[in-house]
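Note that chain A is present in both complexes that follow, paired respectively with chain B and with chain C.
Our next item is the complex of A and B:
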């Protein structure tokens, strides 16, 4: 009898494990936390400092930028890190917009793995796309170099392979990486927002980051410190402290309140993470501190709209994932149709977004990139439209 | 006790006839497999190509290799939740040693030994100390994964020698890569041991009733030790094959695979309570899951739906036999109560 019960219990545990495995919705909601400002250039943040401003304008184009010929048939797959994340849906929206604009006779599929199966799922989708005879795939890589053999396999099968949001570190199997923003710029944008919120005479502020070992966060904070130290424009700003909320809402909320207690003269919390900025804004709102301490950083308009309108977080920034999807689509379409070959210095026209240049990716040893930039800074005037 | 009632009824009632057919879970799986294959070949022209058929195995090859051993463990009324973490640990050991400059074949040997040691550790607590395998291997699921992450932290290690990558990524004989050949060899070995050897019979007997097995002179401890050491070692081997296929390793390699593996075994008709099931059923279930996933991928059905469909299959695979059992037990009881009254009348 006892044995029967214990076995029954064991069985229930296993069944519940298996059932939960089939309902991957829960982790999805947490996922954007760590991912939100995706680690585009995780591999070599240091290299980013000698960034590309020069390279961007480098070769004077004799023949003007290439324009896409609409109406060709290119079957494409847009592959996000995983499904159920707002920013990836936005990227899909941008890609669909470009798809319609270019009157592609082929299909654009938005296919992704579930969060708990991201690495194996991405590899499976890339492999299957090659089997299906798809013409191009656009990958927001979540599998590090592990996806390289599958990507190379797709290349060997004649497919065009472009990465966006997050590249293949070794660049093996990838033709071009469409990068969202530059690390240097992140530091300057944050400093600009701080100055704009605090006014010309500046003030004291603290940084609420994700985890102490998040490569992208650290590189952004380093860029911010660099700008504060070297540019006299920002001399009036004083960075008090850097704390970590580990991209957990509750943790970040508590860290924000702890900062207020610790530094009574602090006027601003800068959080370069979408989880941190929303949690800090909520903390200030809940405690009625929005007049004394403002919040800024990198955030999602949909999550920040109420805090921006009530003045708790008057300004924050992010790149547009819609635009990123749109630009990625144009790049891929041009590569697949032979408009561009994927060589340094090639310039092309990306619809409503204007002209872009292919350059060597300064953040990796190998690989090419197209740098989208710039940040969009959101305030009360434009946040509502973006939050739709 | 439940066993004796099960063997009672004859086969006269028509309802029992249906039940007998349903009872042959393998029969049902075979039908399901044919349906999946036919639907797939009709809707996707690429499905039947040799390349796709090989890919379909290769994309899950590590899981199905481990599923073969998991079949033994579950028939033995135990569970090994640590297999996926062991895959991760052996792959990360390989990566770490490679990074330290060790020759790859030494790294491979040590990676495999990690599997043997881990299996010995598991089986010490399960077979000698007598702790439930669910608890021990759950702890090691966390423990081995933790070790793997400690070894590699957040790094991704690749750039193995070309021959090693080729072993995982290129065909070895005809269109078949090494891992697929290993799978088929292990499949044959598993069938022979489980269905045709004395050890295989012990596995069933212990799974049915450990005490009875012990009193009948079966070396229960020894059998369980062999099973858990084999399970970990094969998991370590699968981890190394995975590393070769991906050409790079990270701390999260193989994360969560244990659930997919157990799903395959349970859907194959192996009872989670032990004592029944067959390799043939598990092979059918593997083929169904792989072909179904492949078909859905070719039809551009996304991950969530795929997981959902497989989940429903699994729930049915657990529910249907159990419900049928219940129904039959009730019918039997009715008949027994009704029986004597009939004779007196």
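Our next item is the complex of A and C:
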């Protein structure tokens, strides 16, 4: 009898291992890229001139843009996908900068789950923040729509809920999404880089993404496919395949090598994830393939500098996560203090970054967004300066 | 048949079956994937297997004692990051010192596991599940959100994954593969010939009997965890060399891959049976399957993991059925032998009465 029990137990263990093995890795660092310049540099007035095009497109509000009233007490939580990734710490830097600027009498907490517990941890932190009587939470969502009930609960408890970096797909429970770049524009930027690397004749390429259920990654890839299908400028580009490296070095590295084996005539790997692009570049360098297969996508200058200089990854793009944190803080502070209500067409002043307008999010069925932008494209001429 | 039975144990038949399975998988995919039997493919698979195989050897030591170490993934990640950090700060550290540093850090983390399991008498699955999260969090805190960058590492470690021992044409036997084979062989010999190795089996087969027989069970289990941690540390060093950029998620999932390799390789999860060679074969089979499936155009990204899971399940299940049959067969033949010997003995005795 004991033998049967133990055999059944063995089976259970194996089964549970398999089930776990079959799930995509929990932590998805889809958040690509970040600004490399140190915080001091981002405070330079130059940043303000980069104010988004969206501001000018939006319908003019009756009055001028709303300005934040400093010195009010708003207790806030900044929630990254998980702790320990540079881009989220940079977003925190930006938020802390805004926190000091607005002389918020409340506190700003940077709270996040550990990498292996990202989804459950995020939901727990949102729920806990509501019960602890925090006033506002800023979420870089890694939990898809699973976080919606917790976010709605926080709203019901009177909290302000803003997402940044990665939105809640259904927009349920979320007031505004602060978008780093226009998700549709990302597709065009990737197509442009592909064309610039492959030349006028174009060629075949593949996409190495993060996890299959990362909302921002999927939106960018969809935008890329859209642009390839509709714009004749990119007619010479052919997208062969989309594979997923789950934002783990090992998976991404193996997937990049597998792509090379699968498609002998592939000339470019496009990885819109910081982990993926670095792993793919390392794989090509290790196997001596940099001449045949180039790597591009969204990457950190500090991680990519050597590959850009040796020609493995001649061009890549990114935006500033410090600015994203700063803008997210301003948006949330204004919402929480009643400066803005979260309606289409409202305009507000975000400190050093200039004027922004709330608009309907064109990349989702529902939801509002504030668009930051723009992209910076890095190549051998400017990557070293950015990597410092 | 009986001579065959004498020379082949069921465990060895199992390993032979694994070898045939690996060949069958390779033959099948060679019809599906272009350039499958190429030197390039061999080089890639072998380097990838090397890391998992080293972890699987450590895992085997622990599993043999009827324990399990789920923290190895975090240990690999932590050591890879830690050594990468040290090398970035000081490019003059020699390869030997760096490797020893990795093994030392891994062993220290393993010691923590071992002390709690052996002396705290807490089930290993609970302890190491805890330290899996604990070591990962330690890494997150320690890293301060910085990434170990390829650009800051010394040249030699970046060249290590490409370094060869010998090449047959394009077919390379790389240093990392050689190191992994040495580790497997070394510990296989330990298991076969050293008293420590035999005691691991004794404890796993019957902990109570081993205790009554006077084995220092606690110390043996403790040492198994320390060795497992040290080997995970070595794997962390190899991980650093291969992937260069190390983030806080480095090595995640290796604990599952190593347990899967060990189980497929015929090491009993309840201790007492299994070999290093089996664990190596298990690691090869899983890695070969995975690397073949991601190159197979017929199958979509989303089905790949499911198919991999089903294939592993199938391998383990058929294997379990066959193994039980074989064990019964062996046991029955031994029983018959014993019975016939007893029978002859009785006849002789009867004969002596008559005389």
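Heads up, the rule we're going with is that the second predicted complex is superposed on the first by the 196 of 388 C-alpha atoms of A that agree within 3 Å, B and C clash if a C-alpha of one lies under 4 Å from a C-alpha of the other, contacts with A are read in each partner's own complex, and residues count from 1 in each chain.
We adopt the following convention: a contact is a pair of C-beta atoms (placed from the backbone, for glycine too) under 8 Å apart; a residue touches a chain by one contact, two chains touch by 3 or more.
From a predicted model like this one, the values you see are computed outputs, not experimental measurements.
Novice: After the superposition on A, what does A:83 contact: first (chain B), second (chain C), both or neither?
Specialist: Both partners.
Novice: Counting only touches as set out at the top, which of chain B and chain C does A:105 meet: first, second, both, neither?
Specialist: Neither: A:105 stays clear of chain B and chain C.
Novice: Figure out whether A:124 sits in contact with chain B (first) or chain C (second), or with both, or with neither.
Specialist: first
Novice: I'd like to know which partner A:170 touches here: chain B for first, chain C for second, both or neither.
Specialist: In the superposed model, A:170 contacts chain B only, not chain C.
Novice: Using the touch definition from the top, say if A:114 reaches chain B (first), chain C (second), both or neither.
Specialist: Both: A:114 reaches chain B and chain C.
Novice: Which partner does A:133 reach: the first (chain B), the second (chain C), both, or neither?
Specialist: Touch partner of A:133: chain B, not chain C.
Novice: Considering only the contact definition stated at the top, list the common interface residues of chain A for chain B and chain C.
Specialist: Residues common to the chain A contacts of chain C and of chain B are 6-7, 10, 13-15, 17-19, 21-24, 83-84, 114, 116-117, listed in rising order.
Novice: Write out the stretch or stretches of chain B touching chain A in their complex.
Specialist: Interface residues on the chain B side: 44, 46, 49, 51-52, 55, 59, 77, 79, 132, 134, 154, 156, 158, 165, 168-169, 245-250, 252-253, 255-256, 259, 262-263, 266, 272-273, 293-294, 297-298, 300, 302-304, 307-308, 310-311, 314-315, 318.
Novice: What part of chain C is in contact with chain A in the complex they form?
Specialist: By the definition above, chain C touches chain A via 33-35, 40-41, 44, 48, 132-133, 136-137, 139-140, 143-147, 149-151, 161-162, 239, 242-253, 256-257, 259-260, 263, 269-270, 290-291, 294-295, 297, 301-302, 305-306, 308-309, 312-313, 316, 320.
Novice: Spell out the part of chain A that touches chain B in their complex, as residue ranges.
Specialist: Result: residues 6-7, 10-11, 13-15, 17-19, 21-24, 82-84, 109-114, 116-117, 119-121, 123-125, 127-128, 131-133, 144-146, 148-149, 153, 169-170, 213, 215 of chain A touch chain B.
Novice: Please give the residue numbers of chain A that touch chain C in the complex, ascending.
Specialist: 6-7, 10, 13-15, 17-25, 27, 29, 83-86, 88-89, 114-117, 212, 242-244, 247-250, 253-255, 257-258, 261-262, 264, 275, 278-279, 282, 286-287, 300, 302-303, 305-307, 387
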